[in-house]
Structure formats: C-alpha cells, structure tokens
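Chain nomenclature is as follows: A, B, C and D, assigned in order of appearance, with residue numbering initiated at 1 for each chain independently.
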Amino acid sequence: MAMIGGGRDAFIGAIHRIAINMDGQIDIVAGALSVNPEVAIASGHDLFLDEERIYTDYKTMLEKEAAMSKDKRIDFVSIVTPNFVHFDPAIMALEKGFHVAIEKPMTFTLDEAKKLKAKVDETGLTLLLTHTYTGYPIIKQAKQMVKSGMFGKIRKIYVEYPQGWLSTFLEGSNNKQAAWRTDPKRSGIAGAMGDIGTHAFNMAEYVSGLQVTHLCANLNTVVDVRMLDDDGATFMKFNNGATGVLMATQIAAGEENCVKVRVYGEKGGLEWKQEDANTLLVRWLDKPTEIYRAGTGYVSSYASHNSRTPAGHPEGYLEAFANLYRNFTLTVRAKMNGEKPKDEWLDFPGVDDGIRGMAFIENVVASGKSDKKWTDFVV
Amino acid sequence: MAMIGGGRDAFIGAIHRIAINMDGQIDIVAGALSVNPEVAIASGHDLFLDEERIYTDYKTMLEKEAAMSKDKRIDFVSIVTPNFVHFDPAIMALEKGFHVAIEKPMTFTLDEAKKLKAKVDETGLTLLLTHTYTGYPIIKQAKQMVKSGMFGKIRKIYVEYPQGWLSTFLEGSNNKQAAWRTDPKRSGIAGAMGDIGTHAFNMAEYVSGLQVTHLCANLNTVVDVRMLDDDGATFMKFNNGATGVLMATQIAAGEENCVKVRVYGEKGGLEWKQEDANTLLVRWLDKPTEIYRAGTGYVSSYASHNSRTPAGHPEGYLEAFANLYRNFTLTVRAKMNGEKPKDEWLDFPGVDDGIRGMAFIENVVASGKSDKKWTDFVV
Amino acid sequence: MAMIGGGRDAFIGAIHRIAINMDGQIDIVAGALSVNPEVAIASGHDLFLDEERIYTDYKTMLEKEAAMSKDKRIDFVSIVTPNFVHFDPAIMALEKGFHVAIEKPMTFTLDEAKKLKAKVDETGLTLLLTHTYTGYPIIKQAKQMVKSGMFGKIRKIYVEYPQGWLSTFLEGSNNKQAAWRTDPKRSGIAGAMGDIGTHAFNMAEYVSGLQVTHLCANLNTVVDVRMLDDDGATFMKFNNGATGVLMATQIAAGEENCVKVRVYGEKGGLEWKQEDANTLLVRWLDKPTEIYRAGTGYVSSYASHNSRTPAGHPEGYLEAFANLYRNFTLTVRAKMNGEKPKDEWLDFPGVDDGIRGMAFIENVVASGKSDKKWTDFVV
Amino acid sequence: MAMIGGGRDAFIGAIHRIAINMDGQIDIVAGALSVNPEVAIASGHDLFLDEERIYTDYKTMLEKEAAMSKDKRIDFVSIVTPNFVHFDPAIMALEKGFHVAIEKPMTFTLDEAKKLKAKVDETGLTLLLTHTYTGYPIIKQAKQMVKSGMFGKIRKIYVEYPQGWLSTFLEGSNNKQAAWRTDPKRSGIAGAMGDIGTHAFNMAEYVSGLQVTHLCANLNTVVDVRMLDDDGATFMKFNNGATGVLMATQIAAGEENCVKVRVYGEKGGLEWKQEDANTLLVRWLDKPTEIYRAGTGYVSSYASHNSRTPAGHPEGYLEAFANLYRNFTLTVRAKMNGEKPKDEWLDFPGVDDGIRGMAFIENVVASGKSDKKWTDFVV
C-alpha cells in the first residue's frame, strides 16, 4: 500500500503506520508523504521505501502505481493529510482502482462526502474511515450486546470527549497540530466538533445502532482569538425515540483523551471509557454490575476476533487502530479472492459512517447558530 | 428540636435523625411525625419521646412548644415532609420563633420560596436547607480551591446526577417514595429535575461560586404513563461567561446515586463524584493530576472542620448530612450566645440556595417547554 | 451506658461516641473519661452528662452505677483506653453486672484474654470487641457468600493493612497517638502487628470463616529508634489447608488506611478494600467479575440489615462502627427481654475474636523471633 | 532477523512478532518456527517468508544464515521456544555472530545462564531478555524517580502477580500452554515462580534499583496432581536493608494478569499495576498523591522515549513489548554503526537480568524447601 501525507513532521501518519505494521499483513511500499518535496523524500527514506516509489505528489504516485503490473502495484492508499486534502486524492485513488483508507472527518464538506460515496459505489472498491475507537474489542462487545436486545429498548445515550490541550492559544505558538485544526481553511467549518465531536457522535451511533434525527447544539469559542469552536455540546434525538447528550471540548484543562460512552435501555445499560479501554461496565436494574473484559473466554466472536492477547494484558489505542486496518484488509483480500468476508471482518467504519460524520459537522454547526431549540438532522 | 414528618414509613426522616444524632449535640425532644395520628404516635414512641411531646399535627406542636419555658422548648424544627407541606410549617415555625431545617426543594413554588426568605429576613432566624452533597469535606475543599483563583477564570462546568430506580412504572406498584415524587400535586411541577436536578444545580453553583443566567433544557418523560419528567438535561450559561451542561435522569437503568461535578478553569480543574466521596481529582494543564483526600493534613480549614476521622476512613453521605446540621447548630448556638459564628460554620445551604433551587425548577421547566434555544434564568 | 477513657484529648473515644449516637438507641449517661480528673470533668461537661455521673475513676463509677436502681443505672460500659487499661475495668464491669464494649486488641496479653473470656462465660453477659471493618455491610455479604460454598473450597487469602503515618519518629514529637502505640508498656509486645495487623488477621478469619494454624512472620522496626515493630508480614496456613499472606505496615509513606482482603476459592473469589468500602468485587473462573454494592436489593439479609441508605450513598467507617454497637445492643436488649436475638444481630465481634486477636499478637511476635520457618499458632 | 519457535500453535511467538513489526524497523526474513517440520513450513508461509529461508530446524538456519553475505543475512534471532530450548540456540546464535532476543526465563538452569553470559561477554554481542513489564513507559518513569532519590532511602517493596488460569487441572485437558509450563522437563524446577514470579522479581529489582540478598519462601502446589508449584510468596531482604514481599499465584480464580508493584521510601512511594498501565501513583508523606501519566509533557526522557501516542491514548502490553525490541535494535544498530547508544536505548533487560532471574528461581525453590526462615540469595 501507499501513504499520502504522514511525513516526518506529521502526527497521525506515524500512528497509521504502527497500525498498518502491527500484524505483519501489510507492506508500505510507496508514499507521497508530504507536499514539501524534501520532506517527502526524507520521509520515504525513513520508511525504507524503494527510491523509485518515493513520490513528491500523490497524483504522480497514483498514475505511476496504476501503471505497474498487478503483482507489484499497491492495493490501497492511506490518506492521512489534513481534512481539506482528503477528497481529491480519495476520488483519484478510487478512479485508479485502489481501495482507500482515510482519516476522519472523511472530507471537507458533506457534499464531498456524498460524491465520495457515489464513487465508492460506482467502483465497488472498499473504503476504511479510521474512527479508531470503534476498533476496541470491548466496544465490539458493547455493540453486540445492545444489538441482541438484552437491554430492551435503548432510551438514553451519553457520550463525551473531553480534552484540555487547546486551553491556551497554542496555534499562536508554532504548534503544527493546533494550527491546522483551528484553521477553517484546512479543518473545515468545525473545530472541536469536527476533530473530536465526530468521534463521540460515531461512538453514539455505532454502539447504539441508532441514528440521530435532531440536534440542539451549543458551540463555543472559549479561547477568544481562536477561529473555530473549541468547546460544545449537543442534545440528540434518535430514530427510536431515545435522547442523548454529546459533549466535546478541547479546553477542559488537564483532560487527556478519555472518550466515554454510556447507553441505557429498559433493563440495563453499559459504560465504556478510553482510560480503561479493556473494560465494559454492564449495569442491570436488579443485579450486580458486571465487568466485561477484553480477551476473556466469555466475550462474543466480534470481541475476540479483535484481541491479540489474553485478558489482563492491556490492548490500547494502537491495537484498536490496527483492528481497523486488519478488518479492512481481511475484507479487501477476501473480495479480491472472490470469497465472502466474515461478518466480524466487515465490522469497520466506512463511507456511510463518513457521510454521517460530515452530516454531523454541518448539522451541529447549523444548530449551534440557530435560535431554535431543535433542528432536523439533514443528510 | 422537633421533627415534622419523618415517621415510621418515611425515608428521608430517618436519614435526618441519623445526621442529627451523630455528633451528640442535638436532642430530638418532640415530633409531629405523620399526618396519620396512629403512625405519629407509634413513631414518637420509636424515638423515646416524652408522651406529651408526641404530637399528631404540627400546628398544635408549634403552638404548645412556643408556649413552653425557654429552657424546655425546642430550638428548631426539621421539616421532612413531601414538598407540598414545606412552606406552611416553615412559616409558622419562624413566626413562633423557631429556627428551621428543611428538606430540599425548599418549597412548592418559587413564589413560596421568596415569601419564606422574607420571613427569615424579618425574624432574623436561621434556615438550613439540606442540600447534602455540599456537606462533603472534600467538596468544601473544592469550593475553596476554585475561590482562591488557582485555576484562573472558570470556563466549563459539567454536573450530572444519574439514577435508575424509576426505570419502570414504580409508582404504579405501591412504592411510596416513587408515588409522591412523580405526583405533581405533592412534588410540584418537576420530577427528576426537582428531585435530583436541583442537587446537581446546587453543586454547580456552590463549587464554582458562579450563578446561572440562561438555560436551554430538554426534559423527557421516558416512562410513558408517568406524570412528570423522569429525565433531562440543560445547557447553562453562567454570570462570568462560562458555560455548562447539567444532566439528571432517573431512568438510567443500573445507576445508583453517583452525583458528579467537574469544573474547568484556564489553568486546571477538578472532578468529584459521590461514589468516591472522599477524593477530589485536581487536574493541571502541565503537571500531574493530584488526588486530594478528606481527612489529610494538607486540606483547608473548611475541609478539616467537616471531617471526623483521619484520612482513609471513608466518611459518607450520612456524615455529609450531619455536617449540615452541625454547622447549622454551631451557627445558631453562636448567635444565641451573641457570638460571631466562624466562617467555616456559616458554610451551609440556606434560604438563598432555596430560592435559587426553586428558580431552577421553574426556569428549567419553562425552558423545557420553550421552542427557543436559550431562555433567561429569572428569579 | 458509660464510657471509660475517651476524654477530650483522646482519638478513638470520639469515634465510639459517634457510633453510639448514630442510631438514637443508646444514651451516654455516665463516664470516667480520663485518668486526669480535670480532663475527666471537662470532658463530662462536653457530653452534657449529669454532674453526679461524671466520674474521675472507673472503679468509683462502676461501684456507684451498680448501686443505682435498675431503671437508672447503665447497661453497659465502653472501654476505650490504651491497651494496658482494658482488662481490669472489663473484669470489674462484668463482675458488677454490666455488659462490655471494648477497643481492640482486647487485652494486654493472651492470658488476660482467656481470663476475660472465663468471666464473660461465668456471668453470661455480652462483650463487643470493636473490630470495625467487619461492620461494613458488604463485608457481611462477603462472609455469607464464602459461607454458602459458592466459591468452592477456599485456597488463598491475601490481607493487607498499609499505613504511612509512622514513617517518621512521630512519637518523639509529642504525638499522643504515636506515643502510646509505640510504647511496649502501654501497647504490649507488638506495634504495627497489634495495632493494625490484628485487624487484618480478624478480616482474614472473619470473611473466610477459617482459622489460622501456622505462621511464618517477618517483623521489622524500620524507624531505628522505635521500640516496637512498625512493619511486618506473615505467611499463614489455615485449618482447611489454604494458605495466605498478611501484610501490615505503618511506614508505607503516603498510605492512609486502605485495609484490603482478597479470598480465592476453586471457582471464584472476592476482593474488598476500605477505600471503596461499599463495593465487593466477585470474581469467577469463567464469567464477568461482578460488582456487589451495599444498599442494593440483591444483597443478603446480613448486608441489608447493616445498611442505612439506598445504594450509592456511601456509608463509611463510622456507619460500620455503629453497626457493631447496633448489633451488640439489639442482642443485649433481646437477651434482657428474654427474646432470641436474630442471627444478623449476633454477627458482631466478641470475646472469642478477642482471644484469637491476642493469640495472633503473641504468635506473630514469637514467629518473628524464630529462625524456623513455620511456627504453630498456639492459643 | 529470524525467529526460533513461535509457529502457528504457539502463543508468545505471535506476541513477539507484533512487537517486532510495530515500528517498521525490523524485518522477519527467516524462521525455524517449529520442531514439527510441517508446522514450521506452514508457519513460514503465514509470515510471507522466502521459501529458502523457511527452516525446519534452527541449527540449519543458523549455519545457512551465517554463510550468507552480510547485507542479506539476519542480524539477530528471537528465541521463543519453551524454557528447555533456550540455551542451545542462544549459544549457537552468538557463536555464529548473531545478536539474540530471548523469552524469559532466560535458560533452564542458573548454570546455563552463567555460561550464556560468558558467551555474550566473549562475543561482545547484545542480548535482549523480554521482561515485558519493564518496557512500559511509566515504569521507566518510576525507575527514574526512585533513582533520583526523591523518595529517600527505599524501605519496603511489595510486588505481586496474581493469575487464575491454572485454577483447574488444565494441563490434563489438552491445553498446550498449561502443559509445558507445568512440566518440569520443559519448564524447569519452578512453575508459577518461574513463569510469573520471575516477572515480579524483575520488577522489584528494576524499579527499586536494589538487589535481593535473602529469601524466605512458601511455595505451594494447590491443584493436587500438578507437578510444579502453582502458588507462592516470598519475603525478601534487599542490599540496602529494605524488605519486601513477593506474591505470585496461578490459582487466584478470576484474576487475569494484574502485575503490581509498590515501592516505599522515607518520603513517599509509588504504585503501578498493569490493569492501569499508563498510570503511576506517586504518594507523599504530606501532600496529595500525584497521578503521573504516560505520554504527558512532564515525564522524564526515559518515559517519553518509550511512548508512541499523546497522553490518554492507552498504550498497552504490546507497545511495552515493542519498546524492548526497539531499544534493543537501536542499541544494536548504534553499535554496528560504531556509535554510542543513548542511555534511554540501553535501558532494556539483558543477560544480567537473566542471571538474576534464574538465580531467583533456584533460590526461591531452595528457600521453599528449607525449614529455615531465611536463606541466602546465592548467584
């Protein structure tokens, strides 16, 4: 496969590579790793790429790789650039016949997202959207338990993603990560809501199996000179009548990345937080709370398929990330071999999640600006 | 002192008595413990009251006690009846010259609350409102730390109170606690928001030292046939520009009573939850989170004044409750002796908190009904 | 009842009084509260005792109270003096016909303990030994679960009591609590092992329902100039073949009072620690760990009998302490009324636990001095 | 590099490969993956090895690889076979000029360990011993903090490793992992103490920087028909006068792999457990406990060098494992390039730890059999 973006001075590219490498099933053989040619070349050397497959722009790469023989050319690309450079390379890669892995949010606008879906549908290729948190084995367990109906009808969903790293005007002090994420030209119309709110939103819909139908949002720019929201919350109505609250902030000083999701049904509910990523608390109306743990013998096939170690050896964010790539490549390989992928493999975020995510961004920003309490969630 | 309500089949009255007894400074010598005369008398015997001070209605009690000699008659009454029987006995007690302790919410309506305050002001007597959670020693520490300015300007407040006990139609099955709490005639215009939302609201204002100015609420009646809200959330704007989210629900199946408050300022923040009631997490932008613990040598005088044991011996809900009574009686006694109460003693919830609480109920219900996103918090 | 010791400058006496007061079932009407007459009198005034029932020595008190009419005189005494003043007042109280509550360790020597038991047996009176930790409701649940056999044969027991407060030579700096506890003339032959090791030992035997038969101890005096052990551990063999490890230290800098017990059987096990006193973790070989919580509907009658609030309102050390007194007085009252106490009431530590505790002290010290690995636990 | 053992049906080999792959710095190019030729070949195909570098015995592999040109042949081998097949391939690999990574315990006997060290010294090659737990970033922080002297003299060390998976006679039911670990011919003279006791021992010495000088052990075979210890504990004396307790068991039903270490000095101490692997609790005599977290800005260079993600994205067991390989390969590469490895790189377990570990096994078994309380720790 090949990587677009993710050179020396990037953050998420290195994370993708660890996830890609982990299981020894994927080789990074090409890359257009930076818009800066010098960085692109030096980064290619870092990855021990063959000289001729270190590219300085992704268009050339996609052209040249597409022209190679089938056994040599790449199978898929990973797009790990800032948000505004997601759509074009994704479309081109699909057109050239390559599967695509892409960082979230999927595109710059909802409109792009829809076009991308059309292209995916047209080509029959596979798209992975790296909503990492759905890759945790015990989150798979959570989803299966809700799906089984054991909690009865779902009634209430709380999701939150508190961070503190943007408590100060970090983008003013040469922090590259802060700079593009707070810049509407590169990040899009949302700040915190796009960067982490989308993760929380995705978790809410993924674990509950429900879809949001209405929003009532309050978005804030707490650090005055900042150009985008750095804090917010939204009420949600779901398509089964359940309601929920989503909170995402980047100015909760001292908070790290403790994404948390709670879902309550008629008979019980569950709670998960990233800080204790291998544990799922399962609550019941009338019996003791249970602690489900990743890697045990009693979890579902979806959870065990996504574990690499026995219970008690913590598996973390990078393993969750690697699960996305593993399921994506298992699926792609099965399709390439004309086999039917297992249900467990197919359970990775894709283009439909990307559309939901972009719709969340546009709808939550619109709701934030509205004086009306509730606004429809329009896709 | 004397108790109004809280007979054999009541819940909160027994809790009050434990809190009253704990420090050996208050004697329960009289009571009108139930509207049911038989229960009132039997309950009086349970408490070893003198036969002649077991009353079957509070009016008689207040009359007769007021007529006794100063060294014999009660000093204060505790009103632990359902919400709709708070105002009348409180007013009469004050008029008879007795200090008053009263369960929250303080009255049935905001209007009553204001009249009660006028009466308190007029008589110069002291009123205790039992917002128990502010009685925890480490919550005192939290308030003092915020007040000191060490976190900079406060920017974000999250409070939540999740319960699960009303997940089913419990009021339909002879549960006395559920019955009056879900009955607008006895509980007032709010269900969950009045019962536990007021606690969360009180914690938000108490710990932050701020006041809510605007609300945007979503109230729900999840169990269909129920007559009042059993679930809700509200966004809040505070008078310093901070924003917040308050969540209160009684249909989060499996949840107990884990009230939780988080406050974030420019430089750090803090987190407390009742499940771990002796611990305060103090977060910082750039250094390790600190675990402040009740009963230690390094906490403020406000925290240590409200502890009874050395660190590591858990003090719980009943001790927090007893702290309210202890501070109230220390204050009352000082005033009776013509002494100035210490600042630490004066730190208990009173009539102003009661007005804020009743205003919260009326405003949050109004906001819940409004199509407008934000409504003013009117007192 | 009357208190012996526990005056103004004492620590544990005040704790006993809170426990005694909490449920409004016991009146403190007399006291010999200090060996120092001035302190004794002032302390009596603090407790609002009648002038004539403030005594300056316990012998006079026991004489005079015994001479009073049955309806006026005390029913029992609480002995809260340092260890070396336990035996004499306890014997005298029993001889005068009073029931006895007594701080642990029960006596100064095992020999005294045996004599005390003989006196209890002879008089038919009731003795309460305040091993507080067994008073926690969820510890009652733990004992009942082990007893039911649901874990199969018990195989391994870990108990620990880490404290840090004696990390420095505190007894050299006018700390009264440190002074007597580290003084062999007042504390006995053991320091940490007597003060807190006995608690850990009591928990091990109480929860498991087993008895120790052999010890292999390592006792240390870490702070050089100290006169008694301030740290130690012992291996244990139990009478069913199980083994265990007990750790007790007062030099674990930064530790508070997190007593912890873990018991493992063939099919599962359980874990409790005082820091999270309302929670019992129940582990199983092949299913999720369960979180049993005090105050819930699913716990045994032993656990619910010892709770005062619904689940989620933390009950702490003082409630556990009060449970001892409540069960003791329920039992005493039933016996006085010629009724059979309920099994739940009888579940409080008594003179047999006191003998086991004193035997632990003598045996663990002997084992600590022995070059042999294992020594018999001799009673 | 090449792997010896670790074929399709092995456990730890797959873990090693994930750790090897993670950072994209090491290629697995050869393997003698099983003693069963068919498994060896099939496993080689699984790893996409070149046909000619799939070997069916390690001797042939080492011969052939050594004969290859320097740019083609492997740099090091990983030995992931059961304990009794560690020594021979390690010696041969060193003799052929290959660096060696090896699973713990390093050898079958202490004598072999010493010979292996002699060979390492003789060849000047580098040996990595995969004591995984020392690879956690926050454990690096722990070691550096102790080393800095900020806690004063270390006085007490508790380490424990509780597992429950051998609670039943699993080796009787075709469980390969259980079978060899409980078989003295393949595992050596110790069961639980060799398998996990060595990890606990290594953690005690690694974090404290101290060395054990005396042991007093109690080893048990709880599951009757088992051939080796499955449970045990040992007291320890350290070379600075500190004492400690080590507990390791495989019959604690319901326990997973929660290795835990606590170290206490004169002024404070620290606590770490694998269940919460990114957190270090730092306790102090007179101020709040601090929560040090991996990936933050305030940790030492040793901790940050061993992190891959920002704070709050959990890094787990596999990342800790990968840290061992990364530091090993950074060191080897630096040496190959004639450069001085950084101190942070050199911080991985090696042949000296292997000798200490084997000495622990032999000494703890000897102590377990001894009637004397204390036995010298002889190397």
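In the analysis below, contacts are C-beta pairs under 8 Å (C-beta built on N, C-alpha and C of every residue); 3 or more make two chains touch, one makes a residue touch a chain.
Quantities reported herein were computed from a predicted structural model and do not represent experimental measurements.
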| item | value |
| --- | --- |
| Shortest chain-hopping distance from subunit A out to subunit C | 1 |
| From subunit A, the most remote chain by mean C-alpha position | C |
| Whole-Å gap between the CA centroids of subunit C and subunit D | 43 |
| Centre-to-centre distance between subunit D and subunit A (centres being mean Cα positions), rounded to whole Å | 34 |
| Shared interface positions of subunit D, touching two or more other chains | 255, 289, 293, 296 |
| Of subunit D, residues touching subunit A in the complex | 14-15, 17-18, 21-24, 28, 47-48, 163, 165, 255-258, 274-278, 293, 295-296, 308-319 |
| Of all residues in subunit C, those that touch subunit A in their complex | 281-282, 286-293, 296-298 |
| Touching residues (chain side subunit C, partner subunit D) in the complex | 151, 155-156, 158, 160, 164, 167-168, 216, 218, 220, 222, 231, 233, 235, 243, 245, 247, 249, 251-255, 262, 264-269, 283-285, 289, 370-374 |
